[in-house]
Amino acid sequence: MNKIIKSALESIKDIKDGDTLMLGGFGLCGIPENLIFALREKGIKNLTCISNNAGVNDFGIGLLLQQKQVKKMISSYVGENDLFERMVLSGELEIELVPQGTLAERIRAGGAGIGGFYTPTGVGTIIADGKETKIIDGREYILELPLKADFSLIKGYIGDTSGNLVYRKTARNFNPMMATAGRITIAEVEEIVEIGILNPEEVITPGIYVKRLIKGEHYQKRIEQKTVRKV
Amino acid sequence: MNKIIKSALESIKDIKDGDTLMLGGFGLCGIPENLIFALREKGIKNLTCISNNAGVNDFGIGLLLQQKQVKKMISSYVGENDLFERMVLSGELEIELVPQGTLAERIRAGGAGIGGFYTPTGVGTIIADGKETKIIDGREYILELPLKADFSLIKGYIGDTSGNLVYRKTARNFNPMMATAGRITIAEVEEIVEIGILNPEEVITPGIYVKRLIKGEHYQKRIEQKTVRKV
Amino acid sequence: MTLLTREQMAQRIARELEDGFYVNLGIGIPTLVANYIPENISIVLQSENGLLGIGPFPIDGQEDADLINAGKQTITTIPEASFFSNADSFAMIRGGHIDLTVLGALEVDQEGNLANWMIPGKMVKGMGGAMDLVAGTKRVIVCMQHKNKAGESKILKKCSLPLTGVKCVNKIVTDMAVLEFTKEGLKLLEKAPGITVEEIKNSTEADLIIEGEIPDMIF
Amino acid sequence: MTLLTREQMAQRIARELEDGFYVNLGIGIPTLVANYIPENISIVLQSENGLLGIGPFPIDGQEDADLINAGKQTITTIPEASFFSNADSFAMIRGGHIDLTVLGALEVDQEGNLANWMIPGKMVKGMGGAMDLVAGTKRVIVCMQHKNKAGESKILKKCSLPLTGVKCVNKIVTDMAVLEFTKEGLKLLEKAPGITVEEIKNSTEADLIIEGEIPDMIF
């Protein structure tokens, strides 16, 4: 099965206004840079974006915020982006904050056919407001529901033509779960290889989850907090 | 952190009568052969064993059944073992059958701090008897609860001294989840290496889950259904 | 009345495969389907114990105890294979990512209910992964003899044995016929060569929708 | 009255580390704890974005955009490191496998409740992984200034801000004192050198258990 698509723009051709997207990455690490540029170029609007963060003002999802393409964000932390802050305060943008572990687990549940799960995270906090709770084995839990998306846009390191993916270091983050929870998952990678090159033991995302694969170009891989030690 | 224990017998020294154990493996593939021999040698009784299968008459968990060390099995399929059948019919052995995917997910939930989850598996069957059900997004689900164990006994391929593990082919099966769901996880591996040898990208079970590590000996790795093609 | 052989049933089911399908084949006749995959399509076989990309059985002497399928048979892998845990494997199955599964059955009824794991009074071996497969897979094909050894229909108005799944079967391929579950009910699609519609009706307890000329199966 | 510096607080917290601990350090002062790990013990630091085994910050020029911690800082790895997804990372955290987490706080109260993520009326940045960490980690140490900029106690009878977790804090290390949550209540364990018990009492709104001579902190 050959899943390679020629360009980022072609790979997102059926994403339309109002769709729900998952976008991989943690901060600016492991984000689908090329697919985000394509979303901006195509100008699709009213998007609901599920992503741990919202990028920075001029990179990552921030590029979509600039152009007012996003209606709602579902994230765990959006503190790096003051454009975001202004848009929320002005009512242009809706935000649903989800604890990071619950966000990751809800995405996993969406991909794994789990109808809901009980988590101890957020018990007794405003996160529990309006949610069912249950005492199990003497401990209180909150019912959390799965997240799915029309499209998942993810970033891998190396992919083979059948869609098998490996990631690099902490750029793995949310990408593997999101790969499973999109009706259509589009992956961009830094390198595409023939099948048989990736070791079957090391594949993190099996090809079954990837419908379309593109080779990303001109990766900027911006660093948010360059921190070094004195030698 | 060096987690190596000299012998299988020493590694299980605090397992006691009546404990709940998880034992990795699918059929006879990827089972902790040495740890099972040690359990038999030590003669611990009244064990509850969580394992996808029950071994065959004279190997794997079958060795513990022979010596009447097992009180209860929690498994998805026990059809390869007729000693098992006789013991259940005579009332010597209790069996709880769990759909394989639900078994795997309950073990994962036990290790992941999930209090319970809703699954579509088994809806409308006797598996749903006595269990809470819920309609979520128009579909019916069953509430399933996590499984944990006093000890998890698992089999890896290569381990490093800090307990990081990789597996080999389909011998991975239930071992990674069980590693996370035991109060104390004991792993046997075919080869122990120094830290830094395993690629951090390829570690399947991070060392945090493994309390004790032994180098297994004399692996038999029996094949249940040798099937070959005509050349 | 010449019933189809196991191989013919497998061959007929293979025609249900589409290019790009990810497929889980059950133990028994379903496993034989792998021998009849059309040359012009590419499919990938999943094994629920933790493998995507089953290859042919190994050559004698090259079998590997660490590489088995869900029936515990020694297997090989194809180049695009990947290994994963049982939890990840059933996340894949339950999550609806497998396009098709083919399973054996003791009984199917006209509601699409399936019974294939337990006969009360007999020793229960366990359901293995069958309940998860029928709950999660996009398309479920049941493959079985049309009648049991006593000559009674296995396609019933209502299953009498404990169920594996409810309203989960999409198609039935037997040694006599191909039947499909539609909104209107269970519909006879094809008959085995040399078998009459009357013979199929007489061998089936369930209500059947039979419209127009019923063609012979093509293999 | 000489309050502890950030470095001294980190140094004191480092004495809570035990050999073999797996530890998650929050952003800010908690991150500094890594600089004071006693030489005779070995601990492993987890980063909730998907790494077990954080090493020192990189040498200038060797930073890697694909290798960051939860504070988005560039880092390195130790030889026994492993990478995993956020789902696997929080399974590790929620499942109770992390021995200790150190977090900053806006408020703690005498019930052990913690507020550290949200000030109503101000823009909400999000809780990140804090709610998961306090719900799942075996031991939670809060590290903060004893009083806020207005000179008011941050250790209260009852938190006024939205909570991060309920009854989740085990110990508080401030620039004035070390306090522990016991069955009986919040107990003063140690005081900063040069600070009196009276000064701590006057700086603390919560009820404190003060028994016998309160020793100075050792670093």
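Quick notes on this structure:
Going in written order, the chains are labelled A, B, C and D, and every chain counts its residues from 1.
As a working rule, a residue touches a chain if its C-beta (ideal position, glycine included) is under 8 Å from a C-beta of that chain, and two chains touch if they have at least 3 such contacts.
Owing to the predicted nature of the structure, the values given are computational and were not obtained by experimental measurement.
Between A-C and B-C, more C-beta contact pairs are found at B-C.
One simple way to say how far apart two chains are is to compare their mean CA positions; for chain B and chain D this gives 36 Å. Put simply, the C-alpha centre of chain B and that of chain C have 29 angstrom between them.
Chain D has its Cα centroid 55 Å from the Cα centroid of chain C. Those residues of chain B in touch with two or more other chains are numbered 105, 108, 112-114, 119-120, 167-169, 200-201. Chain contacts: chain C has residues 77, 83-84, 90-91, 93-94, 135-136 touching two or more partner chains. Pairs of chains in mutual contact: A-B, A-C, A-D, B-C, B-D. Within the complex, the chain A residues that touch chain C are 1, 108, 110-114, 160, 162, 164, 180, 195-196, 198, 200-201, 203, 206-209. Interface of chain A with chain D (complex): residues 26-30, 52, 75-80, 85, 88-89, 95, 97, 99-105, 107-108, 119-127, 157, 167-177, 204, 221-229, 231.
On the chain B side of its complex with chain A, the touching residues are 105, 109, 112-120, 134, 136-137, 139, 141, 145, 166-169, 199-202.
The residues of chain D lying in touch with chain B in their complex are 20, 22, 42, 44, 46, 52-53, 77, 79-84, 90-98, 135-136. The residues of chain C lying in touch with chain B in their complex are 47-51, 56-60, 63-69, 71-75, 77, 83-87, 89-91, 93-94, 113, 123-132, 135-136, 162-166.
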